[in-house]
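First chain written, first letter: the chains are A, B and C, and each begins at residue 1.
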Amino acid sequence: ECGHISLSDPIIHLGGPVTASCTIGQNCRHLKLQSEILWKLESEFQPGGRQQHLPDGSLESTITLPHLNHTQAHLSCYLRWGNSLQILDQTELQAGYPPPKPYNLFCLMNLTINSLICQWEPGPDSHLPTNYTLKSFQSRGNCQTQEKPIPDCIPAAGQSHCSIPRKYLLLYQNIGIRVQAENKLGTSLSPQLCFAPMDLVKLEPPILKALAPRPEGDPAQPGCLWLHWHSQNSTLFIKQKCELRYQPHLAEVSWALVAPLPSRILRHELCGLLPATAYILQLRCIRSPLPGHWSDWSPSVELNTTEQ
Amino acid sequence: PLGLASSLPPSFLLKCLEQVRKIQADGAQLQERLCATHKLCHPEELVLLGHSLGISQAPLGSCSSQALELTNCLSQLHSGLFLYQRLLQALAGISPEITPTLDLLQLDVADFATNVWQQLEDLGVTLTGPPTQSPMPTFISAFQRRAGGVLVGSNLQSFLELAYRALRYLAQP
Amino acid sequence: ECGHISLSDPIIHLGGPVTASCTIGQNCRHLKLQSEILWKLESEFQPGGRQQHLPDGSLESTITLPHLNHTQAHLSCYLRWGNSLQILDQTELQAGYPPPKPYNLFCLMNLTINSLICQWEPGPDSHLPTNYTLKSFQSRGNCQTQEKPIPDCIPAAGQSHCSIPRKYLLLYQNIGIRVQAENKLGTSLSPQLCFAPMDLVKLEPPILKALAPRPEGDPAQPGCLWLHWHSQNSTLFIKQKCELRYQPHLAEVSWALVAPLPSRILRHELCGLLPATAYILQLRCIRSPLPGHWSDWSPSVELNTTEQ
């Protein structure tokens, strides 16, 4: 090998200095070692190479680039050979920042896929390949002490979310959880969350349906609608409360809200509406009185109130 | 109920009731699957096999309303859950269609057992380690594991029914 | 173990007989072994069980179902015990047919993904889990002798096609190839094909483009169109011939064909068309004179001939 570039560290803080040396071993006698060693960053020559003969007869040039502003760049070592320039060696420089602290860590327990799904904001780009890992453990108290470790959750490449399967979780026991970001310039940790997965359960949207007005007995009341709803079977074991919102179809009127409502009703009469008007209705539910997250709103149901 | 539950954190009983309902739902699904997939729909047809396999039922006497004593009831509840957790583990390899349902049921039972155990510890009840380990049945065929699944599932439902009544009684304001 | 069903063979020819015996070991003394053993197929009782005491004191019932018409069924052995019926054992019967011979084996060499893609017809359902394997080998002559084996190609579950990667192929040497179907009732083989992969090359469709009429010199000829085309770069090394087809846009006229045409033309004048008419044109190419498969037709190009 006739020329070799050695670097203090190929990973550099963006904007920081980098020092490299290119050594031509004396086993390259055919190179008549009086020639000049030149440096190129990408395709631009870099002045300031300090050249010297080493005791063992080899020739060495050392250069310091004060501010490397490329996130990726090729540094090449050339030798003037006759009237041509010969590349002897080349190395790739990578520059970036230590990983910023991930933030906005947010988790939801999804009982349909039986996983705890967490997402976070990675923060500004560090320009270096950065690995994110969701680190968590089971804990008795307020997550100051670790009871039992949970395997690291590695998100898919480039993703800022990860799912912890149910088999690693105790739904009613606290779990301490945080995101770790790591690249070649360092590691950072998000603030830690401490919660029982079940307290972050997000229910599937309930099923809302229209009902024909009461067939027997009283004639259909103008300005009334009849509904029935129930939450998904898979969450019937959870005590919940729900809220109904409705608005006239076309009018730019804000939603009206009816709450709290039970999680299943065979027949609900909604009155006080404008007669002969199309209404849009939606329902959502939340674990209650125990804590949880609101479900998404159910698909909207469109109904018309009867004439006056 | 005589301030029995006053020593418990308010949400503990609500969570226990929710966990019982969840396990009952899992258990019902296990029985439904065993019936649909393997035509094993009637536990009463498996009594004989149950005897020969030695599938035992967990006692819950100290949770009956006449003799309800909080720590004894919770201890017996924990021992019973621990037994069913081990029985469910012994059913591993039951059949590919049933395994997901069985795994979830086992996780929920283990979850509930841990909850009760930790609450007993918080109440200062000194427990001498996991309850006595009665011998587990050995299932030597796929059929026996499925039949075992029906029997364990059925016994667990009756056990949970008793537990639910006791917990609801304790949770009354 | 109190009751045990034993079968001659749990895998049965559909419609064929099955004989089973249920034995109650004398270690079940508590069963007072005078009881009657009954048989159920799925949920229907099956008469005809022949019951006997064996020398070792155990009780055995044997039954023969003359024609098993279920592809899958549970066979259960019951014991009358007091006034209840107890299941002692249950086994799963599977019935089907030996695998039919796969047919219509057809292969194409795809130079874009660099694989030999073969597909076949599996034939009627054998009702038993059947594994298909594409078996092939390199051969000098007409595939009577095996030169070098090629690893088996296992299709994805339920699929009737498989791709052999280039690294196992000699493109210009013969390959002997056939499909094997195997289930618990037997194995069958498709007829063997013998070909050099390159002789089954299917080219990517060529790229056909419109050209403005000749700007300088002669005025645009009515009833003429100017085209240029070339086949994909990745197949330029292959000598090809092409054919052009065209038809008036709306008319229910069959395609007119121009062939043979070279695989790249900078400027082609197509005349003899109806003036002021919209035409649809497509081109396809094939390896020639060496053998190959026609490419798909290129995406159609729509052009209008000039007024009279």
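By our rule, contacts are C-beta pairs under 8 Å (C-beta built on N, C-alpha and C of every residue); 3 or more make two chains touch, one makes a residue touch a chain.
For clarity, every value in this text was computed on a predicted model and none was experimentally measured.
Visitor: Graph of touching chains, which shape: line, ring, star, complete, other?
Guide: line
Visitor: Select the chain whose centre, defined as the mean of its C-alpha atoms, is least distant from the mean of all protein C-alpha atoms.
Guide: The chain sitting closest to the overall C-alpha centre is A.
Visitor: Centre to centre, by mean C-alpha position, how many angstrom separate subunit A and subunit B?
Guide: Whole-Å distance between the two chain centres: 39.
Visitor: Any idea how many Å lie between the Cα centroids of subunit B and subunit C?
Guide: 49
Visitor: Of all residues in subunit B, which are in touch with two or more distinct other chains?
Guide: Where subunit B is concerned, no single residue meets two or more other chains.
Visitor: Considering subunit A alone, which of its residues make contact with at least two other chains?
Guide: Where subunit A is concerned, no single residue meets two or more other chains.
Visitor: Name, in rising order, each residue of subunit B that touches subunit C in their complex.
Guide: Listed in rising order, the residues are 38-40, 44-49, 51-52, 140-141, 143-144, 146-147.
Visitor: Could you list, by residue number, the parts of subunit A that touch subunit B in their complex?
Guide: The contact residues of subunit A facing subunit B are 114, 140, 166-167, 170-173, 198, 234, 236-239, 289-290.
Visitor: Would you pull the subunit B residues touching subunit A in the complex into a rising list?
Guide: 11, 14-15, 18-19, 21-22, 24-25, 103-104, 107-108, 110-112, 114-115, 118
Visitor: Of all residues in subunit C, which touch subunit B in the complex?
Guide: Interface residues on the subunit C side: 1-3, 28, 30-31, 42-43, 74, 76, 78-79, 81, 84-91.
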